[in-house]
């Protein structure tokens, strides 16, 4: 069911020999990958393989020990963390990272406003422009939180906070979406919703998805990379990867044991 | 809604009209007018701190540096015996203080939390010792300032700073304007980002904001206003002393702002008036005023969860 | 209105580092006015006491409170020179009388002097100036001086230097310690390595206690004579204990001055307040005497400020420190005594400078 | 035989909002019980209420026949309850080893089946990261540590909230194996998880919460019969 | 500067640094490790000094007075935590600022009411009096050496307790996540009461130890408070080792600055702190 991908689409993000060491630990060792526009690139691997670390490097949260990151062929590894987002690289976090005291809508408005500008306008009311609210509401509705827009974020359940997390990234309207386990902690229905959403989005954005929910990853990925212990194990289409014995051993386990 | 809460609206409708009328009743008691003036000046200072600490989450123990700077700057840049214009010097002082804040902010805002508290303290202490060790600036004895600026704009003069009542109204107006200014600021899109940074700086960076810039901006604004308060203080009595810059001044301001209700802005006025009011009445009552002051402060922390403003809000807000 | 009580505003520190000084001053003053109650022509005294916390930035406001709100007839204060300056700003030339019972800041009776401002204590120049000559007489040629880096301290060292170098002495080093630091060990080690003939210091209160203790503990006390402005051993002897023995100071007072007034004063102070009196108590006492005498002279009617000031100017205070008068600048003209600590008391050795008046530089009165 | 855990009529509020509407259930010794429900239905709140972390407004909790509703949380835990919270509750200033060492203790009967070493053997990944601070671990490593930290208290009741969230398939299997072992050694478990496939096989009793109320409570075979109903509650 | 003077100053600096550590040790525990912002720390230093003076006047034995003072401080600590501090754990850190400033007022007032404002002094206990000659003029009092050793001892014990024992782990964990510690079956409230009280006691012990070599005056605690915070923060929050190194550093810098750059000596420790924090924004030894 995976549409065969033509590799002539634009490379949005590229890593060349990317390394991240924590003291002696090589959390990420010599990773060279390409992420294409309008594709969803899944990344899987056992716990501690360095997936989150990779995303953290791609979004500028960490600085690499060695190696380069190219965004549309420009090196960006040295720019400031906030500049990554300005270039259209948005991310969601594995550990919920929202504004707990603000309403869901306000959470998204902060995100939308970065794109819409006017952040150094000291006098004009933040409430005066309805466009902003609309875009934010739209993002909330996409992830299924439309009905909770005026709830304070701290008061919605964990799973809902995960949904909000994604809505916030969407609200920045990025070109590249880095999603770190977006479905973790979500219920079935919500997961399904996100999967549907990603299905739509993957033809519009360059998406990098880290996820342990195999059903979702297999269903969504155009490309799939497997990492183990900071090393790149293999990259390929879902079918290629699924049948790779090394992947089974390191990650999936033998067929029937996949839960 | 311009003012966030009903409580705030009530407060503003009670406080400012009252303050406006008060001098009429106190006409013969010049002391109370001048006492209220100095409390309002300090409230303005506390308000600028409250914005920094409560809204931006930038806790500083060095804010008094700008308060003192406002005073010393005036002494430095004003000619000794010539008449100067109040508005022009307000502008100069705020600008110079802003420039200083830009440099210091650039350094101190690299740290955060307790480390920032301490590094702001460090800079303030350096400034404190600079003024108190230097003979040119009068050392620990401080300096007298003999000029009183005139206040004309385009040749029209409304105020006479020598007249305590006029000065009172000037300070009241300044306080009111500052409150409105901060309200506007908080309600603005800039304010939205400031709130976001306060709640979750990491997330805000990830969304693409250069949080350093916003913090620096806030720091500069608050510092300039802090200096303006110090300038007003200096004008009131024509006296500057390094103790204006001491960390204890920052500390008292912090106490008043917490007492008033952090981040509520109008709470700064509440906090300052309550604190100063208690201080004034207790010290006239007993030599051991500290004991009662201490007990009252402790009681208030225990009872008020979010300062006086928070308490009032609990009483006055309609349940949603 | 000659029936209403006379209001005396008191601006002194009752807490913190200077608390003890404030207490003693107030005690002394009240004692004097109590003793002279019968000479006040029936007028009662009402006190309004405010703790200045030794915070100069509060001084203008408190002064204005006493002046405009309490309508005090006399305002007595402060201890701290910075506070004195703040008070001066508000009270100079106003129609109340300000009496400084301690702060030595030069300008108060120098460039800023004013008809309504009096001082019953000293100018910082006064107690230290005579010590220069004393040191030379003892044969000390090379001296290190040391004090806190603030107005009073620096003025004291300058006064000493003035007379000392005029007589041919040499200041090897002038050490200014940041106020209110009390870690003296590094400085004392340095002094020990310089090995001067003597050391002259200005310290007071808690700092003086710590200084004397350190000086003794590091073994300097037997080897390098310690000279000081008298505050070094005032109100602190009990805390300093043995370490203070032999320290030589100059001041306008000494516990052991053998005159009738001093003996009576000391006994009665001890009886009333349960502790030994000190210079601060004396200064407060004299302030009280001065106020009482002016009221007495004017027959209880102090409404006319001109007359009041005149009466005050002409007062000859019969103080425990010996009789003194006021200079044109309203600063005491008084004896300065050379004292040494013996058995926990400041013993007079001699009069180092009789009837010494402050040069009052810059005063136009 | 006395029940191990009995929860009766819990009503819990957050401020003014009524979250739990009389939740009751019980748990036999040695049983594994699953607690299921969609997001926001009150699973976590139920666990927190019975542990006293969020005091319920009314309702009782009995453990081994004794009422523990009025005890502070730590005393409840001392009766050999262990809790793995959602979000994992790592300490940012303790190393992995310290996480385990600080928690390790024998249970009330003096047994110490789970030691730090055994946990590290079970999760070799942790062995490699012993010196790391808790919050420096990857998400999955944190989950392992949180479970390990609960096990070294040698509980007779283990409460897991979002037991396998963020774990890779192989590790997830590992965790289920561990829980199975635990169950065999007579320890009861109360599990909140999304994975109904595993839960229906692993657990003896199943509870489904909807809007703070127990709408379904049955053993595994009954669950099989009513699978559709349950799945509709769970939004599957 | 001659070599011998240099050495003497080195010793002075180290000794001052050690004393600073002693005074800051309680703060390291309460503020650095437990995360409670206790501004009344300095007041307890003052209370310690006054207590030992008071009991020394009545018993004549320094050792006994020291013991009684420490016990009283411990009880005061328990009382403070039980009745006040405890209520604020769930609230904003700044409320602790307000609360403890209120306490400073109360302590200052009580000091003034109970013991008056006169400067007081305690004699060095006879068993520790005497001095060791250093240069032909200078000698070094034994009592100060004793205090220095006491500081080293306390530093060692604290380091071991916080970093190596289970108790230490629990305390640190409590700072990070109180609720979770409670979920592990630990009575975190009691634990925190005890540790807070120990921190208070350490402050008082520092006051006791300092009493014979300094003056006991009102406000003595507030002056030292800032320096203590400087020490804890330069060292890095929560690090005993850091606080120890920072205390020595501050002691040395202050000592040498006093004699070498007297114009700047008042600012020197602040310059040092600003410098360190600009280079290492989390202090020297933060994790």
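Think of it as A, B, C, D and E in the order they're written, each chain with its own count starting at 1.
As a working rule, contacts are C-beta pairs under 8 Å (C-beta built on N, C-alpha and C of every residue); 3 or more make two chains touch, one makes a residue touch a chain.
None of the values given here were measured: they were computed from a predicted structure.
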Subject >> Common touching chains of subunit D and subunit A >> reply: none
**OP:** Mind listing the touching groups among the other chains when subunit A isn't counted?
**Re:** one piece
Subject >> Steps needed, at minimum, to go from subunit A to subunit E via contacts >> reply: 2
**OP:** Consider the two chain pairs A-B and D-E; indicate the one with the greater count of contacting C-beta pairs.
**Re:** A-B
Subject >> Chain whose Cα centroid lies at the greatest distance from that of subunit A >> reply: C
**OP:** Mind checking the centre-to-centre distance between subunit B and subunit E? Centres are C-alpha means, answer in whole Å.
**Re:** 32
**OP:** Would you kindly tell me how far, in whole Å, the mean C-alpha position of subunit D lies from that of subunit C?
**Re:** 75
Original post:
When the C-alpha atoms of subunit B and subunit D are each averaged to a single point, how far apart are the two points in Å?
Top reply: 51
Subject >> subunit C-subunit E separation of Cα centroids, rounded to whole Å >> reply: 35
Original post:
Among the residues of subunit B, which ones contact at least 2 other chains?
Top reply: 129, 133, 289-290
**OP:** By the touch definition up top, name every chain pair that qualifies.
**Re:** A-B, A-D, B-C, B-E, C-E, D-E
Original post:
Which positions of subunit E touch subunit C when the two form their complex?
Top reply: 2, 4-5, 8-9, 12-13, 15-16, 108-109, 112, 116-121, 123-124, 131, 133, 135, 137-141, 143-144, 213-220, 223, 254-256, 258-259, 262, 265-266
**OP:** Over in the complex, which subunit B residues touch subunit E? Could you list them?
**Re:** 53, 59, 107, 110-112, 114-115, 118-119, 121-123, 125-126, 129-130, 133, 247, 251, 254-255, 258-259, 262, 288-291, 293-298, 300-302, 305
Original post:
In the complex of these two chains, what residues of subunit C are touching subunit E?
Top reply: 14-17, 19-20, 22-23, 149, 175-178, 180-183, 185-190, 192-193, 195, 205-210, 213-214, 217-220, 223-224, 235-236, 238-242, 275
Subject >> In the complex, subunit E residues that touch subunit D >> reply: 166, 169-170, 172-173, 175-177, 179-180, 182-189, 238, 287
Original post:
Mind pulling up the subunit A residues that touch subunit D in the complex?
Top reply: 22, 25, 44-53, 94-96, 155-160, 181, 184-190, 212, 214, 250-253, 257-259
